[in-house]
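Chain IDs A, B and C follow the sequence of writing; residue 1 opens each chain.
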Amino acid sequence: MAGPGIRLGELVERFGGELLGDPEVRIVGLGTLRNAGPGQLAFLANPRYRGELAATRAGAVAVPSSERDATDRPRVVARDPYLFFARVSSVLHPPPPVVPGVHPTAVIERGAHVAPSAAIGPHCVVGEDAVVGERATLGPGCSLGRESRVGNDSRLAARVTVYDSCTIGARAIVHSGAVIGADGFGFAQDGGRWLKIPQVGAVCIGDDVEIGANTTIDRGALEDTVIEDGVKLDNQIQIGHNCRIGAHTAIAGCVGIAGSTTVGRHCMIGGAAMLSGHITIADRVVVAGGTAITRSVAKPGVYAGVYPFEENAAWSRNAVWVRKLAALARRVRRLERGDAALGEEDEE
Amino acid sequence: MAGPGIRLGELVERFGGELLGDPEVRIVGLGTLRNAGPGQLAFLANPRYRGELAATRAGAVAVPSSERDATDRPRVVARDPYLFFARVSSVLHPPPPVVPGVHPTAVIERGAHVAPSAAIGPHCVVGEDAVVGERATLGPGCSLGRESRVGNDSRLAARVTVYDSCTIGARAIVHSGAVIGADGFGFAQDGGRWLKIPQVGAVCIGDDVEIGANTTIDRGALEDTVIEDGVKLDNQIQIGHNCRIGAHTAIAGCVGIAGSTTVGRHCMIGGAAMLSGHITIADRVVVAGGTAITRSVAKPGVYAGVYPFEENAAWSRNAVWVRKLAALARRVRRLERGDAALGEEDEE
Amino acid sequence: MAGPGIRLGELVERFGGELLGDPEVRIVGLGTLRNAGPGQLAFLANPRYRGELAATRAGAVAVPSSERDATDRPRVVARDPYLFFARVSSVLHPPPPVVPGVHPTAVIERGAHVAPSAAIGPHCVVGEDAVVGERATLGPGCSLGRESRVGNDSRLAARVTVYDSCTIGARAIVHSGAVIGADGFGFAQDGGRWLKIPQVGAVCIGDDVEIGANTTIDRGALEDTVIEDGVKLDNQIQIGHNCRIGAHTAIAGCVGIAGSTTVGRHCMIGGAAMLSGHITIADRVVVAGGTAITRSVAKPGVYAGVYPFEENAAWSRNAVWVRKLAALARRVRRLERGDAALGEEDEE
């Protein structure tokens, strides 16, 4: 006699964790600690929101073991409450079913192969000899270049552009405005003018990759730009030609990666960080948001380099000394040597 | 016996200010101090351009009271000359009239409601059950998702994307390439892989909002991302899921705001600034361009944190000391304590 | 009895350099030192890749004179091996031929002029009185505004937007998602609200300009935003209203330039740099990636200002002192004056 949603007990059976409270509670949706009501599962992962746990009206909550007694709501004590929550969410919110077919306003060029189970939206263009895999969906206004390939079960939102000869693997999610395979930025100086280097590589994207809105990934100059399996890219990221992004690396919004840089596997790059070209980042490196990585990083670890903000007047007083740091250090050395009198002249 | 344009006297009657000189001068357009000619109104707001006031050939100028005698052109002494100029410009350059109708190449899905006074451009897609308000205009190639809403008198330029269930209020202006409602960047770690968290919130945008070209605003994970009334967003801004941007806040180009951050009302965020996630910015905070705001800001004021640039060699000499600052400070302390001899060893 | 490709001897005759080895080697393509095989030309320009020269299996290599004996492959000793390589690449990879014609799904508004030799892709819109020059190509989904102009031999990739009245010169390359001519970010404060300043200038782009994917160039407020001949812009660049970018300047990805700033000719701006508004940058200025240029730069040279990254704990220890630099400098001065005892109190 199933009601709507899923029994809390069943969720624990499927996804693990220790259940405290009524296993018959039915979960129909998800919510935040602050706003969830009966029937909704909430979670506590970020300690910032701990204060909201006591007062939550959620039907059930997922909590870490440290908070097992911080509420008397039905609860799941999970090693990783966020992962528990994510799994429940995946079950309650599966992607919409694919309605196969090619919209009459779409243009399928000759030689293109669109799987019968794929869905091609209005005003799409599928270029010559391009391939769209089984159950793949293209939102309105997508453009696939000649000989490009989109793998099975991949979903392109509206207005995604894939240039000629680029490949996207299976189960990708690509958001609107993303541009895959535009020319890399390659020019030679030629007597004061710039001579364009034809960009004859492509972009090769693995399986299970997500690409955010308005993110751009340039095609390689000679060889391919490569995005390995499981990489997650947020919005407005720029990846230069011939970069390689290692499997299962996640990159937050507004990051720029200059050409020919290799990022390892399982890295996390914070928002608005930037990576110079022609460098190599080891596996499992974490870069703090806003940090400029200007040299290769050989060891896993957390790296940062952000100018600390403060009130403008204070910043301004301190910043003048940033430009005199070497001189200040010389003055300290002179003091240490006991000849301070020479140090002061015009340096301040 | 009206000529073309508007009498200077009438402009002052409508918009305030003190008129010095001939009220019968007719203003037909606007120009810069440097290039305006007869019939054009110029203004002085930025003191940088003060030197151009004496030589201007503008038909009239709007000036602050400090400059009332700095020219003998017909002039309007205004408390805020830029505002006076803006008001005149609004009158002389109203938005183009809306020519109602749905272009034959546009696709209107079932259940969508397009107001008869609205204008839908070529190759647009209006999704199922979407609503387009009175006198709203969609430029070529816009895509509105299922159940999305665009309010009265809003104008979307070419190639704007609005995902399912997102709402834009009245009198919005949205520029090309903007993406409203793509998935927020939410993943849980799952044994070295990333498990996507379905993003089931939406984006809710108030009235009188302007959104720049290629700006992206992500949909919420559980609840909505909210842009309040009167917010002005420049180009290439990224706003993460579940942010709230307070009314009448203006954000310049290339700013990134990570998820779940709340920005107050009447704030001004300078270009290329970045805001960390899960923080709160008070009302009336001003952030200097290029500043990374990594913690909550509780008090109104101006905040900055930008590395001062200089010639490369000098930067390079000084920057090595940024990485030895704590050590340098220890050396100063030792000197203060009188045991400098211990300080020098290997720190330089 | 010509085989495929081009004789190495002929390439040297056309593009200069000193040939060492067999002039009859035929070059059919290009490759990297590491992966090139027979028939492919590789090059060494970046000393980073020098180690790969000895082991290369390339059919021929272009090298600087310093490396003339570092390989015994057929080779061209060139003053600028990268330029030699670029020239060969241009010859081997010419742009694809233009297939003239207007796709039946494209919309050409009244008064527009499309040259008979031009190619207009599917779902394009060419606005009223717009002009598309000889042999120009528009990829799928491009939108040209009213009275806009695209010069001869220019190539717009898929989904490029050009607003009303904007001009692109000859031989331009514009990548997908670029937006030319959206409104500049101009508002006047009006009692706590923002009053929009109509942006009545346009964008004027010279000849031989390349514009990267998702780059945005705003129209001027009163006068035009100007991009001079030969400028090369990478992806995701934002150029504010009324900027002028001097001829043959190259700007890397993710750079933001605020309004009314003038950049000189032959400049190179590194990725993710940002330039404040209302400043002037001299000719031949080089800005390091990630640098914030907050004042005018009057002299050619290389400028930098990037916070050096390090491991997070070390950064964190040092960064607290950035906010106490002025105080630290005062303490040093007191030590120099011999009254250090006063210095220590509450400053640490």
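Methods note: a contact is a pair of C-beta atoms (placed from the backbone, for glycine too) under 8 Å apart; a residue touches a chain by one contact, two chains touch by 3 or more.
If you're wondering where the values come from, they're calculated on a predicted model, not measured in any experiment.
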What is the shape of the graph in which nodes denote protein chains and edges denote touching chain pairs (line, ring, star, complete, other)?
-> complete
Rigid-body rotation angle, chain C and chain B, from Cα fit (steps of 5°) = 120
At the interface of chain A with chain B, does the proportion of residue numbers present on both copies reach over half, so same, or stay under half, so different?
-> different
When centres are defined as mean Cα positions, the distance from chain A to chain B in whole Å is 24
Each of the following residues of chain A touches two or more other chains, namely 105, 123, 141, 159, 177, 214, 236, 254, 306-308, 310, 319-320, 322, 324-325, 328, 332, 335
Going by the contact rule at the top, pick out the chain A residues touching chain B in the complex.
-> 30-32, 35, 46, 48, 80, 82-83, 85-87, 89-90, 92-93, 103, 105, 121-123, 139-141, 157-159, 173, 175-177, 208, 210, 212-214, 230, 232, 234-236, 248, 250, 252-254, 266, 271-272, 289-290, 306-312, 315-316, 319-320, 322-326, 328-329, 332-333, 335-336
Chain B-touching residues of chain C, taken from the complex the two chains share = 105, 107, 123, 125, 141, 143, 145, 159, 161, 163, 177, 179, 182-183, 185, 187-190, 192-198, 200, 214, 216, 218, 222-223, 236, 238, 240, 254, 256, 258, 274, 276-278, 286-288, 291-294, 301-308, 310, 314, 317-322, 324-325, 328, 331-332, 335, 340-341, 343-344, 348
